[in-house]
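Labels A, B, C and D are assigned to the chains in the order they are written; within every chain, residues are numbered from 1.
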Amino acid sequence: MINSKAASIKAELISNKKAGSYNHMVFSVGELAAHCKPGNFVAIKVGGPTSAMVLRRAFAIYRASMRSDGMGLLELVVAPYGNGSKWLASQEAGSVIDVIAPLGTSFGIPVEPVNALLVGGGYGSAPLFALAETLKQRGCRVDMVLGASTAAKIYAPLEGKRSVNSLTITTDDGSAGTMGRVSDVLSQLIQENEVDVIYSCGPMAMLQAITEISTAHDVVHQCSVEESMACGIGVCMTCVLPVQGDDGVVRMTRTCVEGPVMDGNKVLWSTSREIPDGVWGK
Amino acid sequence: MINSKAASIKAELISNKKAGSYNHMVFSVGELAAHCKPGNFVAIKVGGPTSAMVLRRAFAIYRASMRSDGMGLLELVVAPYGNGSKWLASQEAGSVIDVIAPLGTSFGIPVEPVNALLVGGGYGSAPLFALAETLKQRGCRVDMVLGASTAAKIYAPLEGKRSVNSLTITTDDGSAGTMGRVSDVLSQLIQENEVDVIYSCGPMAMLQAITEISTAHDVVHQCSVEESMACGIGVCMTCVLPVQGDDGVVRMTRTCVEGPVMDGNKVLWSTSREIPDGVWGK
Amino acid sequence: MSINFSTSIAGRFFPTPIFTASGCAGSGKELSQFFPLTSLGAIVTKSIMIKPRSGRATPRMAETPSGMLNSIGLQGPGIDLFLENDIPWLRDQGARIIVSIAGESVEDYAVLARRLRNVPGISALEVNISCPNVENRGQVFACDPTTASDAISAVRRNIGGELPIIAKLSPDVTDIVSIAKSVVDAGADGLALINTLLGMVIDTNSMLPKLSQKTGGLSGPAVRPVAVRAIYQVRAALPEVPIVGMGGVSSGRDAFELVLAGANAVSIGTATFGDPLAAMSITRELEEIVEARGFSNFSDAVGYAHRTEQA
Amino acid sequence: MSINFSTSIAGRFFPTPIFTASGCAGSGKELSQFFPLTSLGAIVTKSIMIKPRSGRATPRMAETPSGMLNSIGLQGPGIDLFLENDIPWLRDQGARIIVSIAGESVEDYAVLARRLRNVPGISALEVNISCPNVENRGQVFACDPTTASDAISAVRRNIGGELPIIAKLSPDVTDIVSIAKSVVDAGADGLALINTLLGMVIDTNSMLPKLSQKTGGLSGPAVRPVAVRAIYQVRAALPEVPIVGMGGVSSGRDAFELVLAGANAVSIGTATFGDPLAAMSITRELEEIVEARGFSNFSDAVGYAHRTEQA
């Protein structure tokens, strides 16, 4: 079933600031903020009343908080990429935006303190900072790896960095941190920090690479996947991935309701644009 | 051929104010303002970059002027009606709007002073005020009749009223001026003021009614027609009316290039949604 | 408001004329979080096949100007689990249920009809014949009058006398009226118009078709003029046959356009993806418009745009 | 830029692959005020008939989501005045000219072909067969393989060996590939895809069809997925036949999508109504994209989205 707290609201945009290649956007969402958990996402209507864009856009929740004055805030990190995200990033404070939140699953929080490694690619770092805070509160060790093609695409705000034990950065072009990909540095970090669980968010190819490493090291891997979504609420079946269920059967599974946070080791990653053999109903 | 001065420009919206049921909108258009004549219209792109509206909207030029500081101003009177005009009317000063101007024919100005009667329906009064000024400068007597369904839909700014010898107002509901239609008061005004030429702009049914009266009184009738236009520049053939040419032949004639100002007595008015008999090529 | 807003399709009564479109509301569970399913005229369930089905590989969708392409490929649990889980749940909600079925052979349609004939609580069967016929070179049933009527006859013969059959047609044909006539002759009690149009999007970065299956079905406001035309043509040719209209409806105005063309009810598809509450706001707006235009019975507005021809 | 941006259609050379679409640029006079016609690959003139034609009554158009409907009804001066006025003027401009013709009978097409066969300065003939055939209950030529090929054969027999024939097809058919094959067999040297889709808009105030003719042709970005699909299917089936693609192109990206699907040239229709300079900006953007994707010859990009099948 869909996130039981999900509701459709009009949210006022409170602030919209450039941060490297991204826009950091803050919305006033009232009580809803209290129900948002790290890993949840929102679905936003884009383009205004006469827009040619008929579908919402999904954005991971960067942070959600209830202020002491009772105002509920929802924060997103938006990469202005195509028509929808560019429209959103061009909105000014005071605009009223149509938001459905919170949606989807959230990161599982261990009851006992563990050693966690958080891995983000591009704007995929967004949901990891709120997660890091929660994990720290539970007494976990939190190390973080962020990767992107280039320095401006690393989203790592100051206050966010404070809540992690270590931050490793990789860029494809070497403009910040180590030159290379996040997967290049993972094995070493897992061993050094005796990692129990990996939390990840980023492009699918990155999640697949992380899964290979996590499996090799026998580490739990919770990843937030990003399949393109038409509805975000579980009615259209566009956002599916082959995922193994508790009964061992692999089904094409909706990532908007049974994700975006999923057990990486249960996903049948594939780049072939074909349904893998053995999937239920193939 | 299309208006030889027509050009496609980005114009800054300088001001946008409510005036009764309408918005009075001022654009900075540079040199182009010098080429705009009473009766010309402009074609405006509506809805922004991701709009589902693919066609421009036509608006009669209310006023165009070159300021002493060299700034060229273009003024429109916009009725917020459907998606396009509502979008335009909702734009704020500072917005940059895509405008093609000037387009179409203009009102013919007599070389000798004559007695002119200007008749406007709804926002159809817009182009008549600049025309009134020009006619006054040429020494004409200028009487004006404005009609609308209700008082708020009469557009008659103070400075505009100053340039006419008399102003008669009619409203369907009697909320301002005489209760009734402009056509009810025309015959009397034509006789009283010894009118030589009628200039009109408004709904097609009004123009048809005026034509009947002008024909009966043997008065010249220049009207600005409003057929729905897809291109505004003469390439699509959507905006046609059956009009008699100088050779006596009635052709389906493009009102965007051979209009919007046309000789009302040459138009075959019809409400039948059929091509009238005798039209060339029927 | 005081107008009679109910409609009937082949003798079945629906308190409002707004339905969900098959494949755009699942089996109702998710939408029930946003509104009670009883406020819909009916829920039309996602087309169900005999066996469980994985559907197509992703990417399965692409947004297009004022529309979208999909190639879900009829993912679903198969008729057994559907009857076990979805129908009882929907009955518990008190929802009016129209079950959509899809097959790959004429026999599939016959089997599905037999499985459904004695299931209580169903208002009608919608027969999705926009499916490739594996016995006929993958040609879509709905694209040929003979194969279309074969599928409908199979349902007719196996469904018994009770349940009305609504045949859902594809607009991707040269002459939709001839298909409509053939399925009505084969026993369809009503028609659903229109399914999606065949389209394709090419990703200009990868320079390959965006969907894994290359082509997909086009839906959304972009196709509304095609839906209105199809409904108008079929209503003119078959004035007595009830029509469930759909295609690009996202407002009460849009729904009213399909009603004027001849739709006795209107299904909401793609609009639900943009707004989970779309069916509710459309219901409200449509009722307002119908009343504002002076109709005291919704059914008097059905096909009203044809009145000049009748005069 | 240094890429080879030229294209050829049935042996005729065009310096750029962007054309105007028939009926969306008149005979070029108006657009020449915005840019020199020589910067177009070619101007495709409004379909001309034998006699002068008034076209349909207004309203002739309605805007739709991301598109528009038109029912101009082929208003035009007839072939005599066209040859007297438009062709010489276009020749004087140095424009490359593709003349579009339309008829109401097979004989009409034959007559038009004879009138054009010896006219100098024309690059090709585009044969618009999306017209009602008065000899066959008004059925549109392009909707049936036989009538479509009859019209094209008539042109082929009467045009002589010189002028390439481009047959323009309607997407309103069950199987566009079979129509394409039949007109190529009948002598078409190239294909133009797609003409408009049949649609309708109902005015919810008057509660009557918005267009005086009720139905009209749907064009604009809304139909682009249908155009891409049609071009892709026909290119796959007839890899050697040149295609002039059109349907909803309003940017270089859009044009590139049609090229990847298989278009050797791309015509710009409805986009010109929104922006008289559309053909120019699209030309510029397309050249940039083709170069950015690493092609040194435009023609290498044509049909590039088919490469997986070929591998």
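Convention: contacts are C-beta pairs under 8 Å (C-beta built on N, C-alpha and C of every residue); 3 or more make two chains touch, one makes a residue touch a chain.
Note that the coordinates shown come from a computational prediction; the quantities given were computed from them, not determined experimentally.
Under the contact definition stated at the top, the chains bordering both chain B and chain C are A, D.
Contact count check for B-D and A-D (C-beta pairs in contact): higher for B-D. Centroid to centroid, with C-alpha atoms defining each point, chain A and chain B lie 55 Å apart. Averaged C-alpha coordinates put the centre of chain B at 35 Å from the centre of chain D.
Chain geometry summary: the mean Cα position of chain C and that of chain D are 34 Å apart. Mean C-alpha positions place chain A and chain D at a centre distance of 46 Å.
In chain D, the residues that reach two or more other chains under the touch definition are 65-67, 220-221.
Among the residues of chain A, those in touch with two or more other chains are 52-53.
Contact topology of the protein chains: fully connected, every pair of chains touching. Chain A meets chain D in the complex at residues 52.
Residues of chain A touching chain C in their complex: 1-2, 4, 6, 8, 45, 52-56, 98, 100, 227-228, 230-241, 251-252, 257, 272-275, 279-282.
Residue ranges on chain D touching chain C, taken from their complex, read 64-67, 69, 143-144, 172-175, 197-202, 204, 207-209, 214-215, 218, 220-226, 228-229, 232, 248, 253, 256-257, 260-261, 289, 293, 304-305, 307-308. Chain B makes touch with chain A in their complex at residues 46-53, 83, 87.
Across the complex, chain C meets chain A through its residues 23-26, 29-31, 33-34, 46, 51-61, 63, 65-68, 70, 72, 75-78, 212, 220-221, 250, 270-277.
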